[in-house]
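Here come two complexes built around chain A, the first alongside chain B, the second alongside chain C.
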Partner chain A sequence: MEEPRTGVYVCNCGTNIAKVVDCDAVADSAAQLPGVVVARSYKYMCSNPGQEMIAQDIEEHALERVVVAACSPRMHEPTFRRALQTAGLNPYFLEMANIREQVSWVHDDGAVATQKAKALVHAAVNRVVHHEPLDRMSVDMCPNTLIIGGGIAGMTAALEFAGAGKQVYLVEKLDHLGGNLARVDLTAPYLDSARDIIADRITRVTDNEHIDVMLDAQVQSLDGFVGNFKATIRRETGLEGDGPTVSVDVGSVVVCTGYKEFDASRVTHYGYGKLPNVITSFEFERMLHEGRVETKEGRLPQYVAIIHCVGSRSPEFHAYCSRVCCMTALKYAREVKSALPKSYVSDIYVDMHAFGKGMEDFYRRSAEIKTLFLMYERGEPPVIRRADPDDDCEMLIEVHEQLSGEVIEIPADLVILMVGMEAREDSGEVARLVNISRDKDGWFIESHPKLDPVATTTEGVYIAGTCAAPKDIPDTVAQARAAAGRILGKIARGKIDIDAVYAEVDEDKCSGCRVCNELCPYVAIEYDAETRRSHVISALCKACGACVAACPSGAIKARHFTDEQIFAQIEGVLA
Partner chain B sequence: MTFEPKIVGFLCNWCSYTGADLAGTSRVHYAPNVRIIRVMCSARIDPTFVLKALHDGADGVLVCGCHPGDCHYSEGNYKAMRRFPLLKQLLADYGIEEDRVHLEWISASEGQRFADVVDDMTERVRALGPSHVRFDLASDMAER
Partner chain C sequence: MAIRANPKLIDELEPYGAEDVVKCYHCGNCSAVCPFSKQPYVFPRKPMRFLQMGLEEKLKSELDPWLCYYCGQCSDQCPRDAEPGETMMSLRRWLTSRYDWTGISRLFYKSWRFEVGAVILVALLTVIGFLTFGFSQGNIDHYDGPNAFLPSSSIHIFDWGLAVVLLALLLSNAARMWWFTTGRDKSLRVPLGAYVTKAYLLPVHFFTQKRYSQCEHKSPWAIHLALVLSYVTMLVLIMFFLRDMASGPAVDWRVHVFGYLATVGLVVSTVVFLRRRIRKSATQYKHSHESDWIFLILLLAVAVTGILQHILHRSDLGLEANMMYVTHLALVVPMLVLEVPFSKWSHLAYRPLAMYLADVRAVALERREPASEPAGELRTA
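Moving on, here comes the complex of A and B:
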């Protein structure tokens, strides 16, 4: 067999790959492989000139296959597939070798890294020979959307769909909309009321004919695939327990399940739960909302202390920053001062994070209202103890103050702990339900942190707001609208292309043993009693390949992951 | 010259391959001995892939999938898990040391763990020395 004419493109990724891997050497070695008619090394293959180079070579060298050695295929496989398609070559005639994430970023010995890159390119060239032209399937896009979570993110997204005249099912676990934001009084930096923001949205969402609000409800199952999901939603009916279930057809899902606050009693040296006037930021919000800043005993506090990073940026608890607490703490300092002008407010922080629009100004203005700022180090948090009876305060806080280098003891009658955000305890359940991944902290993982922040690895399932990571209201709203925008674009097209990768049964080889029928988690394999053969319903198949590996007759083929392709790859990496 | 083992890694697309990518984006360095082949799910890993790799000169084979309960295809990794002991038994019959073939669960967030697994596996295979696998894969393949 004559090898197909193959072009190999080794990306330098600026210096990301080239600083470790000798890209020219990788291209030179690829040029010696059978079928390779052109092999080049280039600064940025994903750039326009890079893609044009491939397109031009496809024409000039009559290329039939293309190998791009660059970043992870999870990053740019769609980019290069499009480049092939534009040049008139079937997009599945591409194979990528991952020489960035899995070579140059993880190895520092240039010679060894270059050798590994050569092996991966060899494997890709071997594999691509066996690639087959595949056609993507075009299926109808259901214009309805399921939104899980009725906080600010879920409501914002719902209104976007409704505004475009599209049906939304908004499922909320609790008996009311509003989420965590409904528990907040004023918002930084403009001190506008969270309740105003929320109340207006709740009314618009509840009154909208396109939004079906389901309270006390939970999504029980989600089946199907992008454009064609079926969701089962169970409504709780109070004391009765499990209520009736409804089944809805949706094309997309937006997960807006939010966060939960860190449990302050986990930090033992703050005495939360033991010292009555050590409270969390959310408890303080409730006080503000009720219009009374006072101790549990109903006295007006003379000394108010605010402690930052409770559960966040901590070696023991969460390493990440919860992003909203610093500015919320400043907001509290201002609100305490405005409620109790004679009080003393101390703000005990690690670093003051004032990122975002208007925040640095807010910090400056807040610093002017005579707040005592004390800086502590992450590993050495303050310790709160009860004051002696003859002290004029209820508690004393010992702070290893970083700027002065001294141990300072400050009085407090009321201590507000700025509790961070953490992933909800049911985030694992939700992740499994909609088939997305979580990071080590339990946050949902986006398709790409920079370039695709609201999509997930499951097509048709999107994430918005604080279920993906701590964020503030503007970012949450932006994500909710972004997710809605992405989905509305797909709805507008009416059809969506789904990947051409699925399993196929060679009915001549099938013995009708039905082993595969039981294995398929998607019930995508049907047995025809008349012909005594099984066949795959391609639209239902998600291409895991479990049936392929299990078929005793070798009758099932995983398109784009065939035995021949993988064997060729094995030979390549070991050559 | 010291012996550098060649290890073929079969990684599922959704958890393990993404975890390996995360090791990269986090710049966690690890032994360069593993060459990764991506499959959609650990359930796709046909035992013959492992045999083929050993036959073609791999000193070790690493198979990685999503953690139990976290499979992108809900239960593919359980199929891989059930197949694996059978494969190990077969390898023992061929006289292949147990430590040459390894199954690990790596999630998309476990970049560091992936690096640790690779380092660990590389050292274990290095300690075993080069593989001297002798078996006739051709007849096995012919049956397929």
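Moving on, here comes the complex of A and C:
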């Protein structure tokens, strides 16, 4: 068999690769390989001139295969596949050799690194010979959307869909909409009323003909795949327990299940639950809602202390920052001062995170109203004790104050603990239900933290708001709208492309043992009881290869990862 | 042992001029830009922090405010407009009120009405006293000679009496300053020798304002030095040469030439300072406390009435010269009695004393924990 005509392109990645690897030598060695008709080294292959170079060579040299030795395929495989497609070549006739992450970034010795790069290129050239032209499939997209969670994120997303005339099923576990935001009085930094923000949305959501609001309801199961899900929703009917279930067809799911607040009683040195006037931020919100800032005994506090990072940024509890507490604390300082102008507010913080629009200004104004900012170190949190009878305060807070280097005691009559956000206790259940993953803290994991923050690894399932990580209202709303935008784009197309790389069961070979059924992490393999054969739902398959390796009959083949291709690649590395 | 913070102190400092210290978020730019901020005296950030937290005793122990000459660079650099320079100025006012054991200083700084009222009251009593005295033994048409309305010998006795009282007040306040900043610190074992070997710093700083001269802009120092030297000259003339000053009507150049120079120095320096404060021409002149105005106006008025009285006397206008003399005394007495021990004038003692104590303390600190930087005069010089 004559080798297909192959082009090899070695990227310098500026100096990222070239400073360790002799790229010209790699190209020269590749040029000697069978089938290689052109081999080049270039500064930035991913740039437009780089891509045009490939397209031009495909035409001039009638290339049938392309190997790009550059960064990780996670980074630029889609870029180069597009380049092939533009030049009229099947995009799957591309193979990438990762000579950046796997070579230049991890080796110092140029000679050895160059040797390794040559071997990886050889492997890629060997492999690409066996590539097959693959076609992407497309499936119909159901225009309905299921939204789980009726907080600010869920309601915002629902209104986006409804505005586009698309049907939404909004499922809320509680008997009312609004989520955690409904428990908040004013919002930082502009001191808008949360109630106004929420009330308006609740009315619009409830009255909208396109939004089917299901209160006291939970999603019981979700089957199918992107564009074609079937969700079963159970409504609670009170004491009876399980109520009636409804089944709906949806094309996408947006998970907006939010957060729960940290349990302050887990921190012992603050005496929460023992000292009556040590309260959490949400308890203080309730006070503000009721319009009375006072101690449990009904007295007006002279000294109010606010302690940051309760449960957050601590090695014992949660290592992450809950993002909203700093500005909420400043909001409290202002609300206390406005309710009790003669009071003294101490704000006991670790670092002041004033990262958003208008927040630095908010911080400055909070200082101007004489908030006393005291800085403690994470390892040395404040300790609260009861004051002596002759003190003019109820409690004393000992702080190892960082900006002065002094150990001080600050008087307090009311202490507000800024409790952080944590993943809801049912987040694991939700993750299993919609087949998405959680990080070590229980937050849902996005497809890419920067470039794809609302999608998940399960296509058709999106996450928005604080179920993914702590965030403030603007970010939550932005994510909800982003998820809706992503889905509406797909609905507008009517069809969804499915990657051509997936596993296939040769049903003639399948013995119906169902080993693969349990193994598949994406629940992409279905067993047909009638034919007693398993088959892969290609839209759900992520081509991880677990079933391919496990199948005792060798009945499963992974497209684009055939045995032939892998063996050729290994031979190339070892050559 | 934890120190009790007092969130109310910041309210107490407000009438002293420290309104903007609340804005400080401790970036430390002020201490970095300050040419005088060096170990072990790092300011203004640290005293600002003590003030925000209300660590009253810590603040009372601080010499730092006196080591600042308010060039204003810190306030110019402040990203939050927390006015560190003005905060240091306010702390000097507040410390003055803490050193004063009578409590009068506190009343003056907290209420300008009280201070002005006290000045007027003392002025009236002075007028009544000297008129009664004058009419009881002299002739209002005679300025000098045997029938003089206010004979220089009597005034000389009065001056010395006043000086003893004022010195006693000032010294007792200065002793309290020593106690707060140096004496009471048990951990600080100041070697007695240090007090002796560093004593030369007191006259050096008093007569040269040496440290002030190290600020970037020299003109405030030059004018301030002119004011100090003029004042000292006048003080020496009055305390030791009053009889020659008051004799006449011929001009005794051996004495009067110094009087003229001192008067010109006082008038020019006070007018320049007043103009700068009115025009807010530089950062350090932007925030004027009432006590600053009262002091400068009194000093200018004293200088002007002094020279007018002199001119009237030389013009042989006995009645007018005597009336101007009484007016002059009605300004001098409140200035000395009220301003020297209780208000802005007291810094003539506290400043050089602070420079001296700062070096003395530095020696003790050096012995306690030897630092990499050299100790001694380098601290304040």
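Everything below uses one rule, namely that the second predicted complex is superposed on the first by the 437 of 575 C-alpha atoms of A that agree within 3 Å, B and C clash if a C-alpha of one lies under 4 Å from a C-alpha of the other, contacts with A are read in each partner's own complex, and residues count from 1 in each chain.
Here, a residue touches a chain if its C-beta (ideal position, glycine included) is under 8 Å from a C-beta of that chain, and two chains touch if they have at least 3 such contacts.
Note that this is a predicted model, so its numbers are computed, not measured.
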Quick check for you: in the superposed arrangement, does A:Ile279 touch first (chain B), second (chain C), both or neither?
neither
Under the stated touch criterion, which partner chain does A:Leu181 make contact with: chain B (first), chain C (second), both, or neither?
neither
Partner chain(s) touched by A:Ala329 [first = chain B, second = chain C, both, neither]:
neither
Just to be sure I read the superposition right, which of the two partners does A:Ile410 touch: chain B = first, chain C = second, or both, or neither?
second
Of chain B and chain C, which one touches more residues of chain A?
B
For A:Glu368, decide between first (touching chain B), second (touching chain C), both and neither.
second
Go through the superposed model and pick first if A:Tyr303 touches only chain B, second if only chain C, both, or neither.
second
Applying the document's contact rule, which stretches of chain A touch chain C when the two form their complex?
303, 344, 346, 352, 363-364, 367-374, 396, 398, 401, 403-404, 406-411
Quick check on the complex: what are the chain B residues that touch chain A?
6, 8, 13-15, 17-18, 20-21, 23-25, 27-30, 32, 35-41, 43-49, 52-53, 56-58, 69-70, 72-76, 79, 83, 107-110, 115, 144
Of all residues in chain C, those that touch chain A in their complex
1-5, 7-8, 10-11, 22-26, 46, 49-50, 52-53, 55, 58, 80
Per the touch rule, the chain A residues reaching chain B in their complex are 72-74, 98, 100-103, 105-109, 112-113, 115-116, 119-120, 123, 431-432, 435, 437-440, 445, 457-458, 501, 519, 521-522, 542-546, 548-550, 554, 558, 561, 563, 566-567, 569-571, 573-574
